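Quick heads-up: structures coming right below.
There are two complexes below, and they share chain A, which is joined by chain B in the first and by chain C in the second.
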Partner chain A sequence: MWYRSPSFILDNQAQEKLLLQQQQHQQNDDVLNPPPPPSMSETSVLNPNPNPNISAYYQTRAAHHAVVTSDWLAQAQAAVAGGVSGEVTAAEVEDGCEVEKGGSVIEEFNSWRKQPDLAEAVAAIRALASVIRSSNATTMMELEIELKKASDSLKSWDATSISLTAACDLFMRYVTRTSALEYEDFNSARSRLIERAEKFGEISYKARRIISMLSQDFIFDGCTILVHGFSRVVFEVLKTAAQNKKLFRVFCTEGRPDRTGLRFSNEMAKLDVPVKLLIDSAVAYSMDEVDMVFVGADGVVESGGIINMMGTYQIALVAHSLNKPVYVAAESYKFARLYPLDQKDMAPALRPIDFGVPVPSKVEIEKSARDYTPPQYLTLLFTDLGVLTPSVVSDELIQLYL
Partner chain B sequence: MDRVDANFFNETNDAEKGGNISEVQVSHHEDKKVTSKPLKDKTSKAERRALQEAQRAAKSTKKAAASGVAPPVTEKPTKASKQYPQKKDVPLATSSVSVPEMKGGDRPSEKDKKKDVYHPRMQYDDKSRVEKAKKRSVIDKPEARNRVELFQHLPQYERGNQLRDLESKIFNLDSVHPAVYKVGLQYLSGDVSGSNARCIAMLYAFKEAIEDYHTPVDKILTRDLATRISSYVSFLNECRPLSISMGNAIRYVKARIAKLPSNLTETDTKATLSSDIYRFINEKIVIADKVIVQQAVTKVRDGDVLLTYGCSSVVEMVLVYAHELGKKFRVVIVDSRPKFEGQRLLRRLIAKGLSCTYTHINAVSYVMHEVTKVFLGAASILSNGIVYSRIGTACVSMVAHSFRVPVLICCEAYKFHERVLLDSICTNELGDPDVIAKVSGRKDLNYLDDWVNKKNLQLLNLLYDATPSDYISLIVTDYGMIPPTSVPVIVREYGKEHLF
Partner chain C sequence: MPDTQTLVNDFVNKLKKRKIEGSQATARHTAELLRSVISQQRIPYTNQAGALINAIKAVGEQLIAANPVELAVGNIIRRVLHIIREEDLSLTTAAIAAAVAAAARSTLRPPSLQTLLEDVPDATAVPHTSSSGGDSEGRSKSADKNSRSRKLKHDVIEAVNELIQDIATCHEHIAEQAVEHIHQNEVILTLGRSRTVMEFLCAAKEKKRSFRVFVAEGAPRYQGHVLAKELMARDLQTTVITDSAVFAMISRVNMVIVGAHAIMANGGVIAPVGLNMVALAAQRHAVPFVVVAGSHKLCPLYPHNPEVLLNELKSPSDLLDFGEFSDCLDIGCGTGEPLLHVVNPAFDYVPPNLVSLFITDTGGHNPSYMYRLIADYYSADDLVIKRKSTAGN
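So, the complex of A and B:
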């Protein structure tokens, strides 16, 4: 099997805990098991991407992590693109048709997506797994086509999200590329597929825990860590480090325009970790105090570089020129078969930016939400496949896709 | 000659090897040799001679010791060392001590090890081996003149006067199939050049030769055919040193022959083999090129200025296809003396209606600032990501790198090789020095006309160079777009695939 996940770390840990505190093992299991999806009735209203000009991925992120509320987002959006409301409705209608086609997947996906600590990709994986479960196909081919359709509709729901696309592709690979196809009996083959789908979902769900365990060795007492934006993986890593009684300091960038860094600093303060907030332009100023840079990733591309929130590239450049290590925490379902050659060589994900004052219409605004950091500026990637150098990413992808 | 490998630039089918210290792999084998030496009973001529000498020396030492005279050991080895530079002390040191051990040991495993070992190509500064090769060779090789010291280990160029010679021999050389002979002549005259074209021509010639083949009465088909192919290969190699891609293709053909089931009839065997060869050409070159074009074209955007160097067939296909898709871009073709291959590409692209700029490599740093992407072909890519290609490629990619222009290499995966290369000195090919001495169309530039007679003048016309992987942003292969660090992954995952 290609998925060489070091999830045994978690298993070992769970075992130890089991031995130590046998009474509490029930709770421990609860932590590892996925929480049940929120009730379908309250989320039955679909929310198709309301504005194709704004990356749905970043809308979700903003809603989950940013200090800025989604109401604010809607207002800002109305202010920025007041005139295009006609188009928006047209797009909505279009989306509506699409939803009817693959309606159940997206419904399911959306219901999972509402959970703030569940990654979009994991939600997609769960949704696809449920497609297999609820499918009434009678042949393998039929099932595969159904699955393909579902994953395509998920992918087209938000083309800007790299992890969503990558996770759908990986799921298809992982689930369909199995000896199950050799089973004589369709039902046993199908149950095998479901089994694999659940396994994949579980691995993906556990990924964050695995990464946080793997990265503990790299956080030493007395270190200063620079963090950019709000990454749930990085948060998990630092939370685990804090729980392990490590003494460290965190520098948070502000993370304009949705100010994800503010939220991150709040969370850090709740954990009693000394934290300092920097404006985005103060990165170079404070880099000499920093021991390591920790960033998440929207996507890990084939070159071993990452696509992440705007500003990651410049932080990596500054860190590289001052010889500070840059660590990336990313789950393996973010590995995408993309190969950007430069910053402009990818589909842009746009988002509104509030400058506080009205900007004259003649002034152009760079609205792109993410940038590409080439592999030579990254030191290591912490993934659920292990701690990798950037060049191994391509190795894993080749083994996966070819 | 039972080896299956057609290790690139493996000149003669001689098991013995000359060393080249600057080559990583060779020094590694030298080590292996030292360990395996005393146990091996099948030594090459030179080694046997060295061994004999050593034994004689040991005897005389004993005699001298008996008679109380100082032993003259020091003289003999030095004499031997002149003749066999690399192996002077190896057989002496080991054999004089451990001659009695020779019969013991686990011989088969050693033999296996020897089979696995890579045989580096012949070193042309090794005089004894050059003599031997000469005796065997079909082509008369005149003494090369005024050779550059650093490149003496490479076969010297002496093609011009061979062509007529070979043409006259065509009727009395029955060991070489006419089709192979034709390809050899084409290599020699330069009519077929470019690693893909050469590889395809060779494979078609082999196919024809196999179809015309009849097993002699007292021979086994697989063995006899393998030796035939080997002799063809060494013939082609004499015409022009093999390219890495050809080496890989030969390895494939030999592996197919070795793996033939023995219960097939001769006709069936021949049909299987020629369909295998056809499949190789189709899958590894023709379809691979199509896949590469599909992938590479996604990197061409409107408004791009693409620079290419020389004349790569894949790059041409990419450019033409991108043009057919209606992308708006401009092409800069960089060319260089003495071959001016870029002009061929230029002519074909202009005929297709692409907008082109043509310039020489001297101006590359000037044109580079307007270029957005560099597309290059390659003769081979080695395991450490080094791209081995037409001379000048390294220069172009270096300039592109310093201008932060991404460099894309289009190369089929069958050209990948598991060796590593550190520089372009160890492995290279020497071209005709006369070509760089003369400037066509300029009769007045005749300073180098009698360069042969000038003892203190050496001309160097290298044909390939090695581009470090740092300068390469992306490699487009039939397995997708990969970074240069992933070449060993492709070699590991798929290198063995076509051998089975």
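So, the complex of A and C:
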């Protein structure tokens, strides 16, 4: 249990202090949602997430997949209503200008993030580009400091999104260390940064194409592929395979509670790929028919393991025990500098779950939206850097952040 | 040109007829053949490296098609291509300003997170710089041109010579490390015969280590018998066992040391048949399973269905004498199909999780570290030789 380990006690104490301050401002929120337990609070004074009980990342993902439960909608609406007052009070606490800046980058990010085809990282980098564009810094150093502030506020606004954090880090790294900027004057360096940020959408699109090309060799005729959830990369991979006239069958898990698997099976059926829908608990039952497991990733961590939608871990465990390969398709900008030691080592990303019937208030509900799959259960990672074994991930990260 | 073509055809024939035994000999022959191809290739003034690469790829395609199972051929071709790219780059670095060359260098490196954001303009810019480099070269004096084209060729041939040297001495480099791995009074198990293993064991013996060796005979070719004789000649305590006795003996063994046919990019091993069984037995008793192999056996490809696609079925005469079962193999009886089938595969695939350690000429490595060596030896553009060269044609 991580909250018993000494290193987290200090963290907890700091968070509890924050929480006390928060609770004074969140009286109206408390009516709707009980106050979060200390270990789960992931808010900051600077930019409080309107509703810390719902992971904004998973909220947008669900919105993209267009299977939103009514319960979720209600909560999200409540969060928006509560969020307005929350932000005003926060502005009173901090000095106004800083929060304004942070607020604008978040708005920018949110408007980009709403586009369903755009990766989270692209939205983040575009939002940072808008900071550069609107900044009136005159030196590189000033610009860097402004960017740092903006990326910090972005990161703290939604700590549950790993690719957001990773993309912010990657872009900051590019700004501070790239050799391409060394010989130029400030204005051209600035326009170059903006241009690179604009191009990032292309990079992301290209990455998906590279991944789908790389993985074609691994899909052989007559194979059965198990997928979990809706991953845009995995979809691209299977779409390319279908276009290449490969004969394969897809098993989709249902992907409770946002039922992303339903949408995936729908898309597969549109491509005329034979597809079968499983409930999440039928994975072990059907595993003997499966030849390989394909999953996407919300984030790839330093150990080479992945953080992905809830249920990935148990699928990987079942696949491992039946000796089936587990392939992960993920773009390299999802590599994050995290090293979770176990499942509870990360701040949980919570989401509401609709059970269809009212659940008595004494019954606790596990609401975490994601789990951590350790590297020993993964066979290979398909990334735009090539086909990698899990141990390559840390090598890449060390090279970048050394 | 005509004499390289006959050389190539000759080598292709030898590969097709499986006349060349062992990946080390194949690797050496391939490298020597490519060296003569390079030295006889006429080089145009512009885009010299491109001309060399195309020539090598054209030859390489034929060689790989001749024996797709012998991965050492493809490995050496890719190494030579990598050498050409590197030498060309070092020449342009000398010629062009440092900043541009640094950008060009990033294309040779495997793609990494570091270059992710820089990638797009560079990819478009680099062909420009190299072609403009060629143009400016074309505009300069002819004496200069000649010296440069000769320089590239000279450097490449020099580097290929080094590669041949490395292949020839890889056994010694591996054997040097024997003392670090084999300790006093240990019991070593091996299967079949591999020259690398033999020299590895002998090197430990020469350093006054006394240990025992169990040799599984390696049916159906019984190369283990040959190994046992060689070890006995060097005063090593040797025990010959049947292949089926491996599990019975494994609990008394301290280490399994075997050779390999090829090492794949994920750390899996294509090994002589029977080794997967040995590896499983070793895992059951937690005995370290060590693979010794020269770096020419390192293949940058991932195995897809290796038991079938990277395997070779040998003649049944290894198993059965012709006279003994000739009536069973008669096609004339009944359905027109013989009732007796003989399957004699040459290779096994050992998955990376069963291998404890690889010992190559550069040292000992974990299976998950193989990708790193591959990134050093090969450039990412050369992984698929066939498709690129047909596109080039």
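We adopt the following convention: the second predicted complex is superposed on the first by the 299 of 402 C-alpha atoms of A that agree within 3 Å, B and C clash if a C-alpha of one lies under 4 Å from a C-alpha of the other, contacts with A are read in each partner's own complex, and residues count from 1 in each chain.
FYI, a residue touches a chain if its C-beta (ideal position, glycine included) is under 8 Å from a C-beta of that chain, and two chains touch if they have at least 3 such contacts.
Here the structure is a predicted model, which is why all the values come from computation and not from measurement.
Shared-chain residue A:E202: touches chain C; no touch with chain B. Applying the stated contact rule after C-alpha superposition, one finds that A:F171 touches chain C and leaves chain B untouched. Shared-chain residue A:F220: touches chain C; no touch with chain B. After overlaying the two complexes on the shared chain, residue contacts for A:D395 are found with chain B and with chain C alike. Legend: residue contacts after superposition of the two complexes on their common chain; A:S303 is shown touching chain B, with no touch to chain C. In the superposed pair of complexes, A:D342 makes contact with chain B only, with no contact to chain C. By the touch criterion defined above, A:D384 lies against chain C but remains apart from chain B after alignment on the C-alpha atoms of chain A.
When chain A is checked against chain B and against chain C, the one touching more of its residues turns out to be C.
Residue contacts after overlaying the shared chain place A:V359 against neither chain B nor chain C. Comparing the two complexes, residues 391, 395, 399 of chain A contact chain B in one case and chain C in the other. Here chain B touches chain A in the complex through residues 299, 301, 373, 406, 408, 473-474, 479-483, 485-486, 489-490, 493-494, going by the rule given at the top. Within the complex formed with chain A, the residues of chain C that make contact are 99, 102-103, 110-114, 116-120, 265-267, 302, 304-305, 352, 366, 368-369, 371-372, 380.
Looking at the complex, you find that chain A touches chain B at residues 302-304, 337, 339, 341-342, 345, 375, 391, 394-395, 398-399, 401-402.
Of all residues in chain A, those touching chain C in their complex are 170-171, 174, 178-180, 183, 196, 199-200, 202-203, 217-218, 220, 332-333, 335, 380, 384-392, 395-397, 399-400.
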